[in-house]
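Below is one structure, written out as structure tokens; comments come after it.
The first chain written gets the first letter, and so on, giving A, B, C and D; residue counts start at 1 in each chain.
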Amino acid sequence: MKRLTLSLVTATALFGTTQLMAEDALKVGLMLPASGTYAQLGNAIENGFKLYIEKEGGKLGGRDVEYVKLDDESDPSKATDNINKLIKSDKVDVVVGTVHSGVAAAMAKVAKKTGTLMVVPNAGSKLITGPMCAPNIFRSSFSNWQPGYAMGKVAADKGYKKVVTITWKYGAGEESVGGFKESFEENGGEVVKEMFVPFPNVEFQALLTEIAATKPDAVYTFFAGGGAVKFVKDYKAAGLMNSIPLLGAGFLTDGTLKAQGGDGEGLLTTLHYADSLDNETDKTFRTAYNESFEMKPDVYAVQGYDAAQILSIGLAAVDGDATKTKEIAAAVESAEIDSPRGKFTLSKAHNPIQDIYLREAKGEGNPVISVAAAKLDDPAKGCRM
Amino acid sequence: MDLSVFLIQLLNSLQYGLLLYLVAMGLTLIFGIMGVINLAHGSFYMIGAYMAYALAPLVGGNFFLTLLVGLVLAVILGYLLEWAFFSFLYDREHLQQVLMTYGLILVFEEVRSLLVGDDVYGVSVPDILSGSIALGDVMTYPVYRLFVSAVCLLLALGMYLVFTRTRLGMMIRAGSVNREMVQSLGIDIKFLYRVVFAAGVAIAAFAGMISAPVSSIYPGMGNQVLIICFVVVVIGGIGSIRGAFFAALLIGLVDTFGKVLLPEASGVLVYVLMALILLWKPNGLFKAG
Amino acid sequence: MIYKEKGKTLFVGLFFLALALYPLVGGEYSITLVNKIMIYAILALSLELLVGSTGLVCFGQAAFFGIGAYAAILLSPEDGPASVWFLLPACVVLAATYALFVGALSLRTKGVYFIMVTLAFAQMAYYVVHDTSLGGGSDGIYMYFTPGEETWLDLSNPVILYFFTLLFLVWTFVFLAILLRSHLGRALAGIRINEQRMLASGFSTYPYKLAAFVTSGGIAGMAGFLFAVQDGFVNPEMLSWHLSGALLVMIILGGLGHLHGAMIGAFVFVFLQEFFKSAEIFGDFAEHWHLGLGLTIIISVALLPKGLVGLPELVQKRLFGTQAG
Amino acid sequence: MNQHETLLSGQHITQRWGGLTALDDVSLEIERGTVHAVIGTNGAGKSTLINILSGELKPTEGQVTLLGNDVTRWSQPRRARGGLGRSYQRNTIYPDFTVSENCRLAAQAQIQRPWVWWNNAQQCQISTTNASNAILQAGLDDVSNSIAGPLSHGQKRQLEVAMCLSTHPQVLLLDEPLAGMGAEETERMLALLEQLKQDHAILLVEHDMDAVFRIADRITVMVNGKVIATDTPANIRSNPDVQTAYLGEH
């Protein structure tokens, strides 16, 4: 139905695409960062997602998949408009996104209202599987709380008594540190100081001096991307690496080891994925990813891959009818997802119940040492579903 | 906080302040002399940092050679940019220039993405400066950071000498006060502006290159330093190289001790400081000149 | 001159008429999009009052916008919809109060220093909502119920909200147009062109500037309210300098010193974004949409010294070699 | 109306900038019905003096009296509303406004109402009356509806004075009103001043010596921030100090 014959180029923006799509194609909206700090992460998620879809012959729930891509710029103030565009103008059946927690929360708000099927392939904000949880919203990644909680136990088991935490003053950092503190103190340790750096400031020197003066048994940290690189380099340069062990949520050493130039060697981190996992799914996944994109997959690629897998399971149960969210939820909740990270299930709040691995940075990889917390579920505070 | 920790924190703030000064210096030059509010200054810093990463393999991995080549490229870039994008703007309203620099930010960031990609990179410290000095019982201080501070101090001194002792410096100072006067003295103001702009770009890029080994290189890094640089320039007094120097040190102090003593408010402290200073001295600490 | 004025009025009238008729042809999403642009247009108008009409370059307009939006959400009860007639004035008053505070202090400074002090105060507001528990931190907060739900003025209905927003856009425009020809408006124009002369004539310029600042803050707060109602979700990024910067770009692009320039700027800026982002036109290159936007801005600065409102005059000059008007 | 009553005076005004003394103990009185000229070389302190009298600068020491009030602490706008008008060396007219809009805006300063956003400034009776009187007085009535920007230089200087007059001042501080004028324009301006001095006190800073000696009733000569003589034109002409210090170089 061509509603308008205006030939203005801006008409696309104004009126969207109104021509009918082939009846059987399933439109998947990929709302991921293509510019800015998280652009690389968005790319990995997209690769992982497409890899799985290709493995399934380009189909989800028996329907051909058609992608609609949108750069979310990691800007929450544009998020509502962007998700609205995907749902209302591009008329996607499913949305996948995103990395930034604030953007993901805005997306979840709209998806909850419109009932659009949505999978979050990264953002670990407690909002999404907490107060904003909904039958049609799933997360294929983790909650910020999970790696922190797992590491708290590890730190206590290592006999550390006093720990200092340091992170950016923002949601993800606070939730991760909160998880760490919870389990560390349950197991007899004490967080003696919680330090925060204004986000996204990367000047750490003053707080490193403070850490040196406090002399804790260990430091727990949550940083990602450029901040993670700089923090590890500064920590090493300040001479603290040898005297005060540094522990972190996995993002500290994921995709950042090369840039850290060897300074991250030997760091212990916890995450729901690791290199050298001994399972068949992972091996196949890695080979296939390497062949398709000529690079090594990372945790973000896995999350993208599993996002597609969750959709595949859900949509298979309803023959590709993405509007039947209740049935989809039931199918996904009862399924076991065969992820490269190991098999996991989804909780009632639709967050993965998964093993969190303890890893040690070696070269440019993070091989697994042990399972830090098996089948760890997120508390999902505030979820009424 | 005992004395030794206090002294180390003082060193930290000095070192951070000097680095800030290095980045802000080019901004205050362009700002004060040409009256151009250059939002793209952060992009030049970013370009410098990426040059430190991307040029190194081309010149055999020697850091100092990379610096030199990068500096030359930055001067050329600045010279061409002024010619292509700014030379026709001086008679227009200042805000037009702001719009122009805003457009340039977007373009630079995308060109960077197309050429180098969106990954995070690190640049290793040159071997000769890779050592560190023990401070207290657990802490050490990397030699490279001291090297950066020394370079900043040298540059500050150099700028001071250029400004007070050379004909170019005289022209620049005169130009910042009165454009017509410079022209009546028979100085080619167009050429002067081009030189100043090239110098501003080169200094920003140099700051990016030299801080690349201690910082990390990531998309959007330029925007992060931009605002703090403006704060430095404004607190110091627009166009005042000396003012920028003291303002940068002041911000280094406030930021460093703020993070330790008032962690809850550390994000906002610098801005409170700026507001207070400007309410007390509406033209910054040091007037231009 | 008179001919030009008439042309302008006609243009603005047709523009509003087109907006009023738009829901008849636009799809659900495009109504939402145009609604959002109208909110930005209101915001741009509020900034135009300061920058274009008074010569005060404010680099912190996003703060008033954000305060209006946060107020709308924080003042909404969790167990039912708030009354529009309470909430809207409250948001305006709160934003205007902050503007009074900021203006009273920052108007002591001039020029670039003024730009930076307004930025400083905006950053303060940003850090308050970002770093304290007041506003939900960096993830933002959301609204449980849209104001006016289940009354005749149900703002959760996109079409009702659209006309509600349009009404305020028209109101803002007319209000500012009246204001600009009043004693206040003439004095503001005088201050923009030559403040020294105004002082010498006997104007205490400070209260005039403050009046403009508070008015502008209040209007920005109103836009913030509309934003919060439309999205039901606010985030600290709404107060960031990026938005303040983008707003300046909008009004400069449109053409300073003209109310309709601010509106045109807002519409064109958002359209350009949508255009360059569109994968239907640019394919995979749409990921690099900043490049197209940046180049367009650069070209428009080079070719349009007076912004988009100067375009007709420029075309006329090129075609007929004469001055317009 | 008391002729020759002192309307504006400065007593012992001293202005120091750091170590530099720009004005050193300057006193002068300006009376109704007179044109009082201040002359001196560049840097003698004439501009500083006019800025202190008009309130743009606060003196380091000394007192300024306007119509019997001590106004040293008054701001510039308050003095302006109290009967002091000044013109500037460089044109400060609003080029996009018409002549009458320029004057109307100046006249509007008498009504300080920043909160009035609803009226139409064009239709304000008080300012319109004041403005048209001033335009008439300044001899600009034939161009009152023209845009100010394209006017001739002489007309712009006249408009500058007309804007001063629109605020109903009793004292006029005129900073080089003749600068850059041709012979004919100068004559017209001098005639205007001659007429204005009937009911105003006028302080004139001017470089055109012929004009000054033709029109001034009293002349103050300044050198290096000091007043070296204040007297009638005839006496100034024959004053030996003045001749060596100033006129001799001319």
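Heads up, the rule we're going with is that a residue touches a chain if its C-beta (ideal position, glycine included) is under 8 Å from a C-beta of that chain, and two chains touch if they have at least 3 such contacts.
Chain labels with UniProt names: A = ABC transporter permease; B, C = Branched-chain amino acid ABC transporter permease; D = ABC transporter ATP-binding protein.
Computed from a predicted model, the values in this text were never measured in an experiment.
Chain centres were defined as the mean of their Cα atoms; on that basis the chain farthest from chain C turns out to be D. Of all chains present, the one whose mean CA position sits nearest the global mean of protein CA atoms is C. Between chain A (ABC transporter permease) and chain C, the centres computed from C-alpha atoms are 35 Å apart.
Chain A (ABC transporter permease) and chain D, compared by their mean Cα positions, are separated by 72 Å. Centres computed as Cα averages put chain B at a distance of 32 Å from chain C. Per-chain Cα centroids separate chain B from chain D by 47 Å. Residues of chain A (ABC transporter permease) in contact with two or more other chains: 35, 169, 198-199. Shared contact sites, meaning residues of chain B that touch two or more other chains, fall at 109-110, 113, 267.
Contact between chains, using the touch rule, shows up for A-B, A-C, B-C, C-D. Residues 3-4, 9-10, 12-18, 34-35, 68-71, 75-77, 79-81, 84-85, 87-89, 101-102, 105-106, 109, 113, 125, 127, 132, 169-171, 174, 198-199 of chain A (ABC transporter permease) are the ones touching chain C in the complex.
Every residue of chain B that touches chain A (ABC transporter permease) in the complex is listed here, in rising order: 1-2, 5, 8-9, 12-13, 15-16, 109-110, 113, 117-124, 132, 134, 136, 138-142, 144-145, 214-221, 224, 255-257, 259-260, 263, 266-267.
Across the complex, chain C meets chain B through its residues 51, 57, 105-106, 108-110, 112-113, 115-117, 119-121, 123-124, 127-128, 130-131, 241, 245, 248-249, 252-253, 256, 288, 290-291, 293-298, 301-302, 305. Residues 175, 178-179, 181-187, 189-190, 193-194, 196-205, 207-208, 210-211, 215 of chain C are the ones that touch chain D when the two sit in their complex. Note for the complex: chain C touches chain A (ABC transporter permease) at residues 25-30, 32-34, 36, 127, 130-131, 137-140, 142, 230-233, 235, 237-238, 240, 242-243, 270-271, 274-275, 277-281, 286-290.
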